[in-house]
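In the part that follows, the structures are each spelled out as structure tokens.
The same chain A turns up in both complexes below, where it pairs with chain B and then with chain C.
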Partner chain A sequence: MLVYTVRRILGAIPILVLASVLTFVLIDVSGDPLTELRMQQPPPDPSVIQLQEERLYLDRSMPERYWLWITGIGGHGDIGLLQGEFGPSTQSNSYDIGAAIAERLGTTLRLVAAAMVFALGLAVLAGVISAMRQYSKLDYTLTFIGFLALAMPVFWFAGIMQQAGVAFNDLVGDQVFATIGDGLYQAQGEDLWGRITNAFAYMTLPTIVLMLTSFASWSRYQRTSMLEVLNSDYVRLARAKGLPNRVVIRRHALRTALIPLTTVVAVGIAGIIDGAILTERVFQWRGLGEFFITAVEANDSYALMAWLLLSGVLVILANLIADLLYGVLDPRIRYE
Partner chain B sequence: MHKRRKTLALAAAGTSALMALTACTGGGSGEEAEKEVTWVINSLPAAWGAISSAGGSVYVIQMLSGVIPHTGQYQPDATYEYNMDVLAEEPQLVNDDPDEGPFEFSFTLAEDAVWSDGTPMTGDDLRVTMMMSASPDEGYCTTCDSRGTTGADMVEEVTVDGKTATFTLKEDLANPEWKGMFDAHSVAGGFYPAHLAEEQGFDVEDPDQLGEYYTWLHDTRPEWSGGPYQIVDGDLENQVVKEPNSEWFGETQPALDRIIMPFNTDEGTFVPAFQNGEIDGANPAQYSEDVITQIREMESATLTVSEGNIWEHIDVNVENEWLSDVELRRAIFTAINRDEIASRNFEAGYPDYELKNNHIFGSDSEYYEDHLSETSQGDGDVEAATGILEDAGYELDGDTLMLDGEQVGPFRLRSTDTVIRNNSVQLIQAQLAEIGVETTLEMTDDLGNMLGEQDYDIVQFGWSGSPYFASNAEQFWHSESGSNFGGFSNEEVDGYAEAAGTASSLDEAAEHSNAAVEAIVPQAYVLPIVAEPNYFFASDRLSNVEDNLQSSYRATYNIGEWDIAE
Partner chain C sequence: MTTTDHMSNEETASPGTGDVVLEVSDLSVTFPSDDGPLPAVREVSYVLRRGEALGIVGESGSGKSVTSMAVMGLLPKNARVEGSAKVLGQEIVGLKDEQISKVRGNRIAMIFQDPLTSLNPVYTVGYQIAEAVLAHRKVGKKAATARALELLELVDIPNPEQRLKQYPHELSGGMRQRVVIAIAMANEPDVIIADEPTTALDVTVQAQVLGALESARKETGAALVLITHDLGVVAGHVDRIGVMYGGRIVEMGPVEDVFYQPRMPYALGLLGSLPRLDEDRSERLTPILGTPPSLLSLPGGCAFAPRCPMARDLCHEQEPRLLATDGNGERVSVQVGDTDTHTSACHFSDELENAQPTDLFRGTAVEADTTEAAEEQAEQAEQALAEVDGTSGGAAGGSGREAVLTVRELVKHFPIRSKGLLKRRVGEVQAVSGISLDLYEHETLALVGESGCGKSTTARLMLQLIRQTSGEVHYRGQPLHSMSPRQLRPLRRDLQLVFQDPFASLDPRMTVADIVAEPLRIHGQGNGTARKRVRELLELVGLNSEHGARYPHEFSGGQRQRIGIARALALNPKVLILDEPVSALDVSIQAGVINLLEDLQDDLGLSYLFVSHDLSVVKHIADRVAVMYLGKIVETGTAEDLFRAPAHPYTQALISAIPLPDPVKERTRERIVVTGDVPSPANPPSGCRFRTRCPKFADELSENERVKCVEEPPELVDRGAGHPDACHYSRAVELF
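After this line comes the complex of A and B, so read on.
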């Protein structure tokens, strides 16, 4: 498996390089990072524009800039992936893209982890119940909820959840749920109990929003997978041996039925991170999603490249993990 | 106000009622409630300083409100008030007569004006701020990338004598806006401390080190203040927290214990957050009919919608072979119905919108003169437009405008892809079709390049206005201006524009600016439509909080006077 993993990682390098070339070119042709500066009123002195062009390496050709972005050779020490520098930002002279990503990664992971845990737990529960009660009212209800959740746009559902939170607060006459912010500032100086309750107040609504789509699709996978296993010969054999239904489901059926879901979840991480873009925006969390939107708004090409690179790495890693998990969970699969 | 009873959160989660009751006691009924206001800044500030091109946004300015001292500002009613807390006397114009020598003026700071560390404010603070505001070519600062260098670049010499700084301009130059060099509308939004440079080990006389000090100011959360409040916590990602500056020397002492300014980038969250008591108000930079409509229905909110600083206009590229004909341009402007455009975009949220009839002055300015109403431009008068075209030899072939047997146009009508501008150009397309002018709509995300490369025939975009106007005409229409995108050239207009920029007083500059407007209107080069409205909302529990559309500080312009009404 080690050889296979190394081979996969090495194989991912040219994919990443190719993806980075494409995205670099696309971002470069999509607009001038200094548009806002050039459109300023009164217009800035030409020497100021020149200063910015030099700082952002816009005085160099696109291939030269790409080479700089990769190697940093010939730069001012603020660029070059191989040197651990993501490049200068249009957002301010001292904006450190790498540090911003590192800082925001924690925020996003907090939200993504919470959403994944709850989505997974609920999806397994709903999928198993649906499969066990196939074609019952409960199955139809859960199926309906699943499709409804799949069809709901995140930004719309987020708005609904915010309003619901406000309505609940009004009902109980207190601020139980917060509608904006990640609560980290509010938690400063609080004891452990305060931090827990604060996290509940700030995390509940965005977590529900972010987990919704994943829950919907994963519960469908789980139901299908569970049905397949329940109808398999070895489950019939287990039942024929007189094992209690609870044991059959828990020990024999569920464990096998979780295998396809596990790999789907691994691949789905990238989707959840994408979903976090809108969720973070609506709930004003300063995570990677908000980082991406701010970079787009500021025409910050190096920040965008950094985000896209990170996304690419995460997708490749998620796929690799999914493939490896197949081998771990299914004894029939071996990697050579 | 925003203290959360955490127990209820847990109660909602289904945990024990006992826990809820236990933590409910945290409210502390015997304690006197702190006066705290949460005021939204609706974007992320990019820096801790406002001079730079990146930091020079209204968000940075508002974040630093009550921290940066300034010498005066325009009030909501467009009158100007000097800041007599900071100034010992009104700024003095030492000389404005070219025969007597160079243009010269001075500022004297109040004797008791001090920074929050107790260091007196001096003329050196003004001098160093001026040096950091100048372009690198002036030689003061190697790496300062000031967003507005015009005023500072005019200065030949600064003489500092204690609290007084006297500025002498270069030969033959005059600055009608000299009084605003360190006011709330200036490039720095006021002035910065000089003494901190030495404390941080920077020699401001060394251009490289002044650049480093400039960077330090933009990168470091200010622990200093020269205003009623100072920043005690925060970062550029989430929020800043301000508390009263104990060294504040002004007449009115701050009434609030704390001001929290969260950065909120999504206006869609304003309403629930306001309903939920998480924010007390905001003065967003963008117009949002949706938010206005919802806030208007709330009893606990004060809402005002007024004419903002960004005004929309339609420009033509006079280097287009057809549009070089002034008669065709006049006909096009006459066929465009500005009222229909303004009404479609703003009537629901701001029924009191006013069409803009002067390119430089808003209707609340003392210098405002209506130069457009007397013409039929922007009236949507198809008959008059057709008459202009017929007189000029154009004729209609069916629905197509022809000249000498050739179709006129079609023209590329461009703008940025926003809801308002999309609405607008669609209406213009339909209006021009009525006089036989065919247009194709092309939206762009790269306005700067489109304009700079003259990649349009007709375009709609916006300029942002300011109470200071002297350089506007030169910037918009002078034949050598980099912002005169459509290639217009007219000696008479050039003359007025130059005269406005070099006038020795605002009155004189206004006279020349109005003359330039009067001269440009018949040329049908730029058709102003309407100023985009701005809105402001605040909780009723606040007092002395109002919007100021004259200033980038907006409602925070008088933050030192904010209080709780209860």
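After this line comes the complex of A and C, so read on.
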């Protein structure tokens, strides 16, 4: 298992390097950060442009810039991932990309993690129930809900949920759900109970929105995988041993049916991060989604690279965890 | 955990059942289907006495497995079960799952067919056995593990302590089936149901596993229901036998009675369609025409009547009951508890006294599409064959004839690559390690061996479907091994292949005519000529030429295999490579295909390379045989020689591991047993590759003699047996 773990971790490194190269090249070729400045009428003084080019390192060649971006060697001290610097921003001279990310990462991770946990839990539950009651009314209902969720666009559903939240608040005459903001400011100085109610109020609606698509696809997946296992010979043998039904389901069917899901969930995290941009936008959270949108609007290439690379790292990390989990869950993998 | 304390729980055994451990009466199982109710089992009754072994024989779809699943209460919820099944007097049918689970694995246990899928891959072997113990005994985990160890020893698993901690994928198929047997034995059940327990295993391993089952049963005194399609397996292992057909038991009685004096035409037909190791090749097999009935539309009277040569009006009108066979004239029904009487379900079973299969069935090659056409087609085929019979001689031996395909020092290694990005070469599977063969004109050369011995790889190499690592393949003097794919193409006309699985080898989206015509199109024949040729071909293989427009799913397994043969024959090949062509077929169907192959060979002058693991079939069809073990040929010779006096210990073991469908012979014959499993071809033993399992090496040879086996790979030469073998110390032994 140790060899397996070390090998998986080592295997992640080249992928990380590749991700950084791709991130850099894609953003670099996608446009000139100074377009707006150059297009100004009347044209600004060439020295102003030159100054900006120097500040953003646009006067250097692409490989040089990549090297600079990674190591920071030969820069002005505001660049170099290995030194913890993400590079200069177009938004303002004082805008610190690293600090901005650090401030928002927690907010987004809170949402992403909550959505993942609930999507996974509910998907497994729905999948197992559907499989055990195959072709029953319950199965058909869950299937219908699943496809409905898959078909709904996130931004549209987010709008609906906001309206529904407001309507609910009006109905009960109390502020149960907050439909705007991430609630972090309001939670300051509260005691534990206050924090919990705050989290419930602010997080419920965005979490539902963000988890919906993942829940739908994962529950379908879990249903298929569970059905396959339920019809397997070893589940039949477990029954033939005389184990009670619930033990057969939990120990033999569910345990093995979860294995393929780990991969799907790991791959699915990219989709959740994606969805988080839209969800945060609609619910006006100050998270990485908002950071990303601002960066796009400002043509802020280093900020975009930082966001892309961070997402890449999260996806690689998720896959690494899934790989290791796979090793724990499935002895056949462990012994390869 | 005695029987009595269990029975006191629910219902006590009804008086008079005595030592009956399982009593099934009028058990019927119906599945709902889109086309209406499907009666899989119909009014099956039998009793099983303490310690007794009962065999249930039948072909696929006969209901033999469903019956036992019903007894175990393991059928899916939508199955409708009627009648009764009592284990130690306790009714199982209609019982709630929680209550059945107290009986299951405790008083009645089951062994399934496929050991590779029967164990949960994520738990250790020890855990899965201990689990069975803990399900019914109030003992601690430690005691359960100790019991698991005891059970592994009981089923002869070497290094049991180590095995306990291993996962199923670390064990071979034979080992895993022993683990399943250990699980079944965990609570010393009164009844064990074994559903095709050795069908997925190689013959030498089958012998080991059956032995383990036998000894475990002796230890626990459990009664056995052995379900199988293999008449050889039941012959030696059961006291009584029930034959199932169309969801019913059609004949039942002591095993000798049923084997030697079958009183139901179906049982007689089954015996006649079986190729046998202990009989002469010259006898033609007598297949049962037609196909087993669809359970959705069972015929009104006897289910076998449409295929039965002695069927009369009464048979089509009234379903015969299972009655005693020995009452002169008047036949009586038998008391449920009476286990010694031979019973059969045939209106005219009296006429079958001392009947031979050949009295009833004919050795025709044609299988009927529809029953009405059966007679007519059989005659047509016979006439067609009679015309060419004059030119054919079925004699064996290759000498004096021209070799069509020659193989010299053929080697094929498959690389084993490491996982990850680099895919380094970390070893190689030595699938074929230097074999030489000659296939002569108009002969059948059989390549036999157990799974993984390299026989299929050899066949593919001979067709150049894969390329060799080294060595040569010549077809009529042309070096196939060095030709480009383009150069090979025209020669491919002459070399064709028939696959094992008739279900997977036909494209379900193409009509039969298109399938058969495909090779013609590829080799540039126009539509008109192709269509005519397709009709000819379908008739040639005994199918109705009108059925070309149908799709493969409308045909039975045997018919599909005929379609595969027709496709292979489309280009008038000279050589057919037959890769396990009948092993996926039921016995009664298999015989028809074997006969067809024999007729086609005589008719068209074909050469066959017949790849098979089934020595009985090989003995029946082959002129010469090459026995393979771990990528090498260990013995080769004419079929007659090799089966009469095999010289290599592996060949001897292989032949002696094949169960004979003859109860007396099977129980009394001398056995040469091999132990263990085939070593990995990635790391074959030094010297003689068979030495790790060789009974001669283990028991007969002295230390000094063994050195030679370890160090020196034996050459394939004649050592006095009259044919070449690759054993330093070979000695021909007559096994029959």
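By our rule, the second predicted complex is superposed on the first by the 271 of 336 C-alpha atoms of A that agree within 3 Å, B and C clash if a C-alpha of one lies under 4 Å from a C-alpha of the other, contacts with A are read in each partner's own complex, and residues count from 1 in each chain.
We take it that a contact is a pair of C-beta atoms (placed from the backbone, for glycine too) under 8 Å apart; a residue touches a chain by one contact, two chains touch by 3 or more.
Being a predicted model, the structure only gives us computed values, none of them experimental.
Peer 1: Touch check for A:153: first (chain B), second (chain C), both, or neither?
Peer 2: It touches nothing on chain B or chain C.
Peer 1: Give one of first, second, both or neither to describe whether A:193 is in contact with chain B, with chain C, with both, or with none.
Peer 2: first
Peer 1: Just to be sure I read the superposition right, which of the two partners does A:38 touch: chain B = first, chain C = second, or both, or neither?
Peer 2: In the superposition, A:38 contacts chain B only.
Peer 1: Touch test for A:74: chain B only (first), chain C only (second), both, or neither?
Peer 2: The answer is neither, since A:74 touches no partner chain.
Peer 1: A:234 contacts which: chain B (first), chain C (second), both, neither?
Peer 2: Only chain C is touched by A:234; chain B is not.
Peer 1: Which of the two partners, first being chain B and second being chain C, lies in contact with A:244: first, second, both, or neither?
Peer 2: Only chain C is touched by A:244; chain B is not.
Peer 1: Please tell me which partner, chain B or chain C, touches more residues of chain A.
Peer 2: The partner with more contacted residues on chain A is B.
Peer 1: Residues of chain B touching chain A in their complex?
Peer 2: 2, 4-13, 23, 44, 46-47, 52-56, 135-137, 143, 145-150, 153, 215, 218-219, 233, 237-239, 262, 264-266, 268-269, 272-273, 275-279, 445-449, 451-452, 463-464, 466, 471, 475, 481-483
Peer 1: Would you mind writing out the residues of chain A in touch with chain B in their complex?
Peer 2: Going through chain A, the ones touching chain B are 30-32, 34-45, 47-48, 51-52, 90-95, 103, 155, 159, 162-163, 165-166, 168-170, 172, 174-181, 184-186, 193-194, 197-198, 200-201, 204, 281-284, 286, 290, 293-294, 298.
Peer 1: In the complex, go through chain C and note every residue touching chain A.
Peer 2: 72, 74, 97-98, 101-106, 109-110, 112, 114, 117-122, 131-132, 135-136, 167, 169-170, 180, 183, 186, 419-421
Peer 1: How about chain A: which of its residues touch chain C in the complex?
Peer 2: Residues 7, 11, 14, 232-245, 252, 255-256, 259, 329-332, 335-336.
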